[in-house]
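Heads up, the next two complexes both have chain A, just with different partners, chain B and then chain C.
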Partner chain A sequence: MPGSSTDAALARPPIYRRQQYLGLLGVGLISFGLLSIVQSKFAYGLMQQWAIFSILGLGFYLVFGLGGQFAFSQGAFFGLGAYSSAWATRNLSFLWGVGAAIIIGCLVALVFAIIVFRADHFYFAIGTMAFSFIAIVVFREFTAFSRASGEVVGIPKPQIANHAFNTDYKLSALLIVFMLLALLLVILVERSPLRREALALNHHSQVASTLGIPTGKLRLLMFVLGSGFAAVAGALQAHRTGSLSTEQFSVQLSIDIFLILLLGGIGSIYGPLLGAAFVVWAPEQMRFIANYRGIIYGAVLIIVMILFPKGLVGIFEALWRLIRGKRKTPEDGLDPLAFDEAAIDGGANAARP
Partner chain B sequence: MEKFMPLLMTGIAQGSIIAITALGFLLIYKATGVVNFAQGDFSTLGAYVAVWATTKHGWSLPTAWILAIVVLFIIGALIERIAYAPLRGRSVHVVVISTLGAALIIQAAIVRWMGPLPYSLRSPFPVREQTVTWFGARIPKQNLLIIGATIVCVVLLILLFQKTQFGRQVRALASDRQVAQLQGVRTTWMSMLTFGMSAALSAFAGVLIAPTRSVTVELGFGVMLYAFAAAILGGMGNLVGVVVAALAIGLVRQFGAGYISSTYAEIFPFLLMLVVIAAKPQGLFGGESRARL
Partner chain C sequence: MLRAHEVSVHFGGVRAVDRVSLDVPDGAAVGLVGPNGSGKSTFLNALTGVVPATGRVEIDGHTLPFGKPRAIRQCGLARTFQTPQNFTELSCIENVLLSDSDRRLTGLGGSWVLRPAMWRHERQRWKRAIETLDRVGLAPLAEHSSAGLSYGQQRLLELARGLIGEPSLLMLDEPSAGLNATETVRLAEILKQVHAQGTSLLVVDHKIDFIDSLCDQIVVLQLGQVIASGSPDAVWRDPQVVEAYLGEA
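The block that comes next holds the complex of A and B.
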């Protein structure tokens, strides 16, 4: 059929031009490249933590970046995944543990999201905060398999089939593979209609629902998917460190997760990777940062919000544009955080007759 | 019955503290539409300032209280300048996240300043006369003080909002900043003033609650969560509704601890809140249904 190839080219959504698969390859090459040059146990530890926090951040990108839902529950789902996997791997293998984390994490997220489905933005945020608080108390008091105050020790290192990931190098490689898988999943969402529907929902919820976008389902999906990512990250963390305690999963962690996403750049899939790198690497490299950690994190949050709403990725993009002399695309003009304030509430109401 | 009375009084006292904190947070919310996540840390900081003045410098308790309230008033106004004013006009998400940043800074600064160990703050009553006996139950006087102080604060605030020029201006600011400005409301001052007052109110809550528990960086955070829950139950913006909800939360927590399970007592109010969100997303007392977050 003549002309069909140009039609197909025209029909390619602009988002495809961002070459996400190349980006994935780049991230893979960089992370394995780094892995091959690091030597010390300490550096391996940082790489592992980076991979896990990246997964956590990518999940939050789905919940908050795309889904526009102001949630403090990411840390709680991280914990839920960790405890689920620790529970499941008492008898089953590592992959079953991750599976249990995904299933339990997603189910709990779904039930919670349905409970607060009609809540608007602020109520949803406080609801997720309350959820985190409840989760911490339950982790602490529910002692069916953990010791007093929610401590679990002796969680086995990952093992797939007969291959044990018992050295630092193997464990790091495994975690990076998990991170790349997570990135791949996010890229699939990114290239599917889900992304633009979610953006439409966030920025113009009324318009989105009149266009037939199932706004309520979309919100649920994003929340459940992102929480599932957090649960997987938690499961990996449990098997990496081998022990759990409730302090690891406080609301503080959820605030760190905000920093990961916002500092990295809320509008980009690479943002969480950069943000996680900062959160993991900076306090270790600079004593100064470690001593004043809270003060600096808080200040960074405020400064990023005031001066760089698109985070580190935004700075790189601006530099890149400067080098190539390109004009801005319409999407560049969007404030990534300027969600339609009625998005959640209006979306829910519009979905109901 | 001998279990009932102490639980009732403690519940009301806790509810009162929650009510004061919730009112401080509603003050900012009403004037600027911002949900301030640093509210609990204002209470914590207030308690620490009082501890610092009494233990390290031997100030008397009333002067320490006044110091805490004045210092927090100034800090509240400063935070308005640093974390809110540059962001006005931007999405409310941005503002809320920067209040989170402010909360982090305050907490970390407290640890740098006073160290991570817990402190205790005196109660204004002599050591031997800490309790009174009512209906056969020993009630701490501090709890009665808390309840009394809350009643005074609530009445004053309601009068302030409804009857004075200041209250009208705050409400004008809340409904439309630009129009308020055109009508001659000094919006910059008003914003700073409401942040300052709100922080001062939280500091007052902080010094009142401090003698009933140990003073740690987490002191205010838990109270803030309950205050948020109260604001939701009461339907944001409805002052009386929020006070009633705060009392209900205090009572649910205490009776839950006394009669159901003390280990899970902390979460009963939140379960109640989630049930209310599920069943009646606008809060029990209606009011403004949509918070500008």
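The block that comes next holds the complex of A and C.
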């Protein structure tokens, strides 16, 4: 066979050959390395927001990157998690608050997904957008434990087994640990049959169903999982800021979540981390241009998307390839955004007839 | 054994398949032929639940649920498509794994909790997938992206995907379309081996030699209706079939 480089007897899905656990270790080392050199309250704030947005982005990676569901509801589940945890921690501890956010977020996501089960593609997207608007109204009007307009104040800082995370350093470290846990859970999904089935669902659900894949169940699962991640991120945000208002969960947040994944790289688990870093860091660097910030920020986004269609993660992949002096491998074509017909057999008749 | 009884498919006012009855006995290879637009692919789509249909389909005495592709696949019916429908973002081995009938621990439980057991099942699935790819000659490309395969290789990959679950009936929709003469002969050889190993075949195709070399029975459709069925020799001598293919003399 032309182009063969694999011992067939030892063959396995190439995703299992990637060193995701080393990647997790690398992300951990970089994160805590950065944390050790950070000095200012402002920088701590950026790191904390990055960790939370990374969890949010990883959740959206499960919903959209793998599951292919164009959902505008991540912001709403972020808010639901925040309010759920704020409500639960009036009497319970921080971890119970996070647990409540997960349970409530996943249950609401499941009920919503069942209701819109038959809606596909754009109809599903519109359904999730409508859900977001409804959620904001509910956050604003449901004042059983919040003030008017959905404001909640005095949410306690995280505390686990008498250990209070009440300094910027400790809080940042805790949020990074949560982010690494979220990344680990996504890696476990990546290194399992669930990934290939979700991608099959994403790219051709009808063909996937003829292969025996439970497409309906899988669609629900990916949506609920991603929404659960968003709820956890929301819970962490609530305890980080100590207060909530409905403005935090506006449509702008849902757009930012899309940007996190698209900018970072939709085909990689590291994409959401890079995208979150950009979304948190870039606007802050443009404060000096005040009135023109929106224009410049938009222009930068367009340029990044044109120059790096695989997202920011594509830059790192190119650099890594350069460092190793390595040509493209057969499995390089496996990225959803990398289509190389000439990889095998010259690709001369790949499009026949 | 597959038994289709008066299967019909309507698209609005158009009756694409009109009360077609057809049997595929255990171990048989049945060819389904007919001019373009005669309803062959639509009939396969109806059997595999891809389009809504009426009538009754039984496999080994069990009635198949129309419109439920997954349930139909679980009953042992596998298929290929007119245009290869591989997942180009996955490797060849992953494409084949998707269709494995052993689906134990492929969900979140296997992913997050029962990983050692998941790995055990997964390794068995890899082994089966490689063996199946080997049957069609694609084992050395197992880890390659399916996006880079030639058209002929894409056909073979889709065939491997149909074979992995050891289906009782494999339905092939124009498997030789777009293949050159050498590739067609190679495909026929592979399918003969598959047939010899006990898998029943229902083959839709336009290449008469290919169908004749493979099938012991042929059913001819025209305008959604069966106009002839029987052995290849008898069918090709049938005046209605001659007229359908060549027009009235």
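Structural remarks
By definition in this document, the second predicted complex is superposed on the first by the 285 of 353 C-alpha atoms of A that agree within 3 Å, B and C clash if a C-alpha of one lies under 4 Å from a C-alpha of the other, contacts with A are read in each partner's own complex, and residues count from 1 in each chain.
By definition in this document, a contact is a pair of C-beta atoms (placed from the backbone, for glycine too) under 8 Å apart; a residue touches a chain by one contact, two chains touch by 3 or more.
Model, not experiment: these values are computed from the prediction.
Number of chain A residues touched is higher for C, counting chain B against chain C.
Once the two complexes are overlaid on the shared chain, A:F258 sits against chain B while remaining clear of chain C. Of the two partner chains, neither chain B nor chain C is touched by A:A161.
Legend: residue contacts after superposition of the two complexes on their common chain; A:I37 is shown touching neither chain B nor chain C.
By the touch criterion defined above, A:L322 lies against neither chain B nor chain C after alignment on the C-alpha atoms of chain A.
In the superposition on chain A, A:V207 makes contact with chain C only, while chain B stays out of contact range.
Contacts of A:I295 after superposition: chain B is touched, whereas chain C is not reached. Chain A uses residues 335, 339, 341-342, 345 to touch chain B in one structure and chain C in the other. Chain A meets chain C in the complex at residues 1, 3-4, 6, 8-9, 11-15, 17, 185, 188-189, 192-194, 196-197, 199-200, 203-204, 206-215, 221, 225, 267, 330-336, 339-345, 347-353.
Partner chain A is touched in their complex by these residues of chain B: 35, 82-83, 86-87, 90-94, 96-98, 100-109, 111-112, 221, 225, 228-229, 232, 236, 263-264, 266-267, 270-271, 273-274, 277-278, 281, 289-293. Note for the complex: chain C touches chain A at residues 48-50, 69-70, 72-74, 79, 81, 85, 87-91, 93-94, 97-99, 101, 103, 105-108, 110-112, 115, 118, 122, 125-126, 130, 133-134, 137-145, 147-154, 161, 165, 177-178.
The part of chain A that touches chain B in the complex is made up of residues 70, 115-123, 125-127, 129-131, 133-134, 137-138, 141, 251, 255, 258, 262, 292-295, 297-302, 305-306, 309, 335, 337-339, 341-342, 345.
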